[in-house]
Amino acid sequence: MKSQGSTEFTHLDDRGQVRLVDVGDKPVTRRQATALGSIYLGDKIYPLLMSDQLEKGDAFAAARLAGIMAIKNTANLIPLCHPLPLTGIEIDFIPQPEQKSLAIKAQVRTQAQTGVEMEALVGVAVAALTIYDMCKAIDRNMVIEDIMLIDKSGGKSGAYHRPGEDGR
Amino acid sequence: MKSQGSTEFTHLDDRGQVRLVDVGDKPVTRRQATALGSIYLGDKIYPLLMSDQLEKGDAFAAARLAGIMAIKNTANLIPLCHPLPLTGIEIDFIPQPEQKSLAIKAQVRTQAQTGVEMEALVGVAVAALTIYDMCKAIDRNMVIEDIMLIDKSGGKSGAYHRPGEDGR
Amino acid sequence: MKSQGSTEFTHLDDRGQVRLVDVGDKPVTRRQATALGSIYLGDKIYPLLMSDQLEKGDAFAAARLAGIMAIKNTANLIPLCHPLPLTGIEIDFIPQPEQKSLAIKAQVRTQAQTGVEMEALVGVAVAALTIYDMCKAIDRNMVIEDIMLIDKSGGKSGAYHRPGEDGR
Amino acid sequence: MKSQGSTEFTHLDDRGQVRLVDVGDKPVTRRQATALGSIYLGDKIYPLLMSDQLEKGDAFAAARLAGIMAIKNTANLIPLCHPLPLTGIEIDFIPQPEQKSLAIKAQVRTQAQTGVEMEALVGVAVAALTIYDMCKAIDRNMVIEDIMLIDKSGGKSGAYHRPGEDGR
Amino acid sequence: MKSQGSTEFTHLDDRGQVRLVDVGDKPVTRRQATALGSIYLGDKIYPLLMSDQLEKGDAFAAARLAGIMAIKNTANLIPLCHPLPLTGIEIDFIPQPEQKSLAIKAQVRTQAQTGVEMEALVGVAVAALTIYDMCKAIDRNMVIEDIMLIDKSGGKSGAYHRPGEDGR
Amino acid sequence: MKSQGSTEFTHLDDRGQVRLVDVGDKPVTRRQATALGSIYLGDKIYPLLMSDQLEKGDAFAAARLAGIMAIKNTANLIPLCHPLPLTGIEIDFIPQPEQKSLAIKAQVRTQAQTGVEMEALVGVAVAALTIYDMCKAIDRNMVIEDIMLIDKSGGKSGAYHRPGEDGR
């Protein structure tokens, strides 16, 4: 008898064992996914990081690069992700002065048999972690917040748009 | 003229350029760090993931393994982290039925010239992302929340304990 | 003058030099491969590992995950393997109480210009090594045995089915 | 109540959950481990691979290199292995004309808080898999056989020498 | 206002931020690229490396293998390279007795939406670095020289053939 | 009979077989190495890359980051390099307007049983390759030139300072 749960968790077979889900029957389609998250920097770090943003290009560039490289490495990081070709990646930082935080948005595109939601989420997480790393000598009270999927398109399960989000 | 910011951001030199900070003069000491975060699962996923937890050992094991492997790979993931030997890693999941979420705690230990905060934070993030991956076919509204350092000890900068946190 | 051997070893050119064989003229076809192997556990480990199998889900899950991740990483592990997209992976453990051993079966599927035999064999080897690692504190006399290809299909060279094997 | 099994499997905690075992209290000592295994080549491949061995230096070199690189990458391959510095690696091939097989021996040395048995076993497995890959176009009936630890020294658990083995 | 430079640097967007260029609208075509470079060995190393070349098959094989593996890993090494399937790789060494140097040529083929110039250049660089590593105990005055693209074909931007080079 | 060459090539044993040289008897000492190289950009790229350097912080940051990450990954890239802890890394770019080229300098520090020359050379090579990648859409005639060791210190073989070089 199959357990109800197992049929819902596509990465688990009837016995609850992990597998790389077979996507061999799915067509290759254009797909994109956008993820969003933020890192709360606080009163000490926020003004330092933003004050002379031009000069500190390297800080943002390091986080952006780390996110892009992690996205390309998603299948090695998340055990049950399929290795996918990727056709485009963009990572943006959006200062949020009221919250003293930095929003991070990652958009990933592919032409493949499965989607790139995990890639986009990985990109946001690793970019945020890289910002944390570069600022932690100043203040360790930062918090990485609200990493979530904003939208995705392409693929059998259709488009997804997060309720109440406009993608900023 | 040195900018004020650059002297505070230890990963940036006087010109705002990234570098791997020289830790050659720091002593090798025992260090540990604990990070915490959670993933909001929601009404559909939470009961499915928790209902027959024993049977679905693989789901939690996959997330735990992914976190451990990512922790060991931190220096390849976060550009300005030093490659470190690690002496111990533990990742725990704490169900939070009221919030319909799963808390994730990672503890990392080393004997090195620099600390393992980033390793602990990476472990929480990747474990959370792996849970997301395994549940996303059911509901994509999950949110990875509040990844933060709880405490660290060892090293010149002394112990850190997050204000108001008891480490659960 | 070409040596006879070199023409047979497709990874070696006329001068005996390694190369990544050109598969550019081969069509993309559906391919699968199944490999099998086992690890002799012995009298001490076998009952411990099997006694409360449900509770120790993590041990089998760790080996399964390690096998899946290694399969996805085959092209980095085996120097002359082509990097391939993979559409599905399954790893199964079959207890063999008479031999006090654990059989391991890996099945890999792709749609590519070359096959996935090496991926399946890598998966069995790494799953077996992971079991070894988790049990070695109890007894180091384990032996990893008889890793072999059971069958493959798809591709120019046609189907292969190991003589005398039923794939279990 | 702790299960009996869990206390024996050092990689599992009281609840059967995987962890990277804490080796922080173990002293750094010189350690070495030697592993052995073989690949059955059969009547077609054996003479081709051995006939003009000098000329096909690349075939053996490829397998040796692959083994060395995999050994250095053990902590990324086997989930619960500690990342270790390594001080020396040697991989040898021993033709076995009677069995039509090739024995593979890997010796690994370190100065660390834990041993290098897994590294040596990984080296044998990956060298054997690389030989398989280079010969599989000729005959797919090869079998990777009897990968086992021959001896290890250094560390709290003392020296191990496989019963009945002379290390060849 | 867009800066002139940014429009020319395809990896930078209008704000000078790095991105993985979107190649989703480019057709999959057959592509190849050939790169060339050399390593000056000097009077001490050159005769030693060349004198008994047959016997030291492993030295050249190691460099060739390292080049092939690095080529397959280009997307992890060069941050803004797309992960690509590769259909064929060849690396050749051409002794240059007059200059006491070793020329290195790498040819890479794919069927993809973007080209493999970086892969070929990476292969030459890493093969040269590996030769350097194996010879540095003899003499550290080696110099890696003139790594450049010789030709490429396939893709929208058309064929490239380096002016004045015949590809040797 | 041992060949003369093999005794000089420390990575090759008496039979010309590659090995990871045993450094277990060498003391842990502070070591540093500096490497230098350059990339010829030419008349089209040089002014574009230099004209508004501030704005294009990301281009230089990407190359610097890629170099730092490759340095940390040297033991996976160069087959016979030992995995080492690294205590500090700096990569600098020095515009050379007369030659229309960009010089790249990498300095690496460690406390280990063997040196970091290869790490420094890898850093220069990968930073140069990353610059090439970002500029290649403008002009493919760039040439990566003269990658060499400038100086090293620490270790049994003593300090090395390249004849005629002042390290710029």
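So that you can tell them apart, the chains are marked A, B, C, D, E and F in the order they are listed, and the count of residues begins at 1 in each.
What we mean here is this: contacts are C-beta pairs under 8 Å (C-beta built on N, C-alpha and C of every residue); 3 or more make two chains touch, one makes a residue touch a chain.
All figures in this text were calculated on a predicted structure; none of them were measured in a lab.
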Co-neighbours of chain E and chain D - touch as defined: C, F
Pair of chains joined by more contacts [C-beta pairs], C-D or B-F: C-D
Centre distance in Å when chain C and chain E are each reduced to the mean of their C-alpha atoms: 32
Whole-Å gap separating chain B and chain E, where each centre is the average of the chain's CA atoms: 37
Whole-Å gap separating chain A and chain B, where each centre is the average of the chain's CA atoms: 16
Numbers and ranges of chain D residues touching at least 2 other chains: 16-18, 55, 57-58, 60-62, 64-66, 69, 73, 79-80, 83, 85
Arrangement of touching chains [line / ring / star / complete / other]: other
Every chain pair in contact, whichever chains are involved: A-B, A-C, A-E, A-F, B-C, B-D, B-F, C-D, C-E, D-E, D-F, E-F
Touch list for chain A against partner chain F, complex: 54-55, 57-58, 60-62, 64-66, 69
Complex interface listing, chain A residues touching chain B: 3-6, 8-12, 16-18, 37, 48-49, 51-52, 55-59, 61-62, 65-66, 70, 73, 77-81, 117-118, 121-122, 125-126, 128-130, 132-138, 140-149, 152, 157, 160, 162-163
In the complex, chain A residues that touch chain E: 30, 57, 60-61, 64-65, 68-69, 71-73, 83, 85-92, 109-111
Residues of chain C touching chain E in the complex: 13, 16-24, 75-76, 79-80, 82-85, 112-113
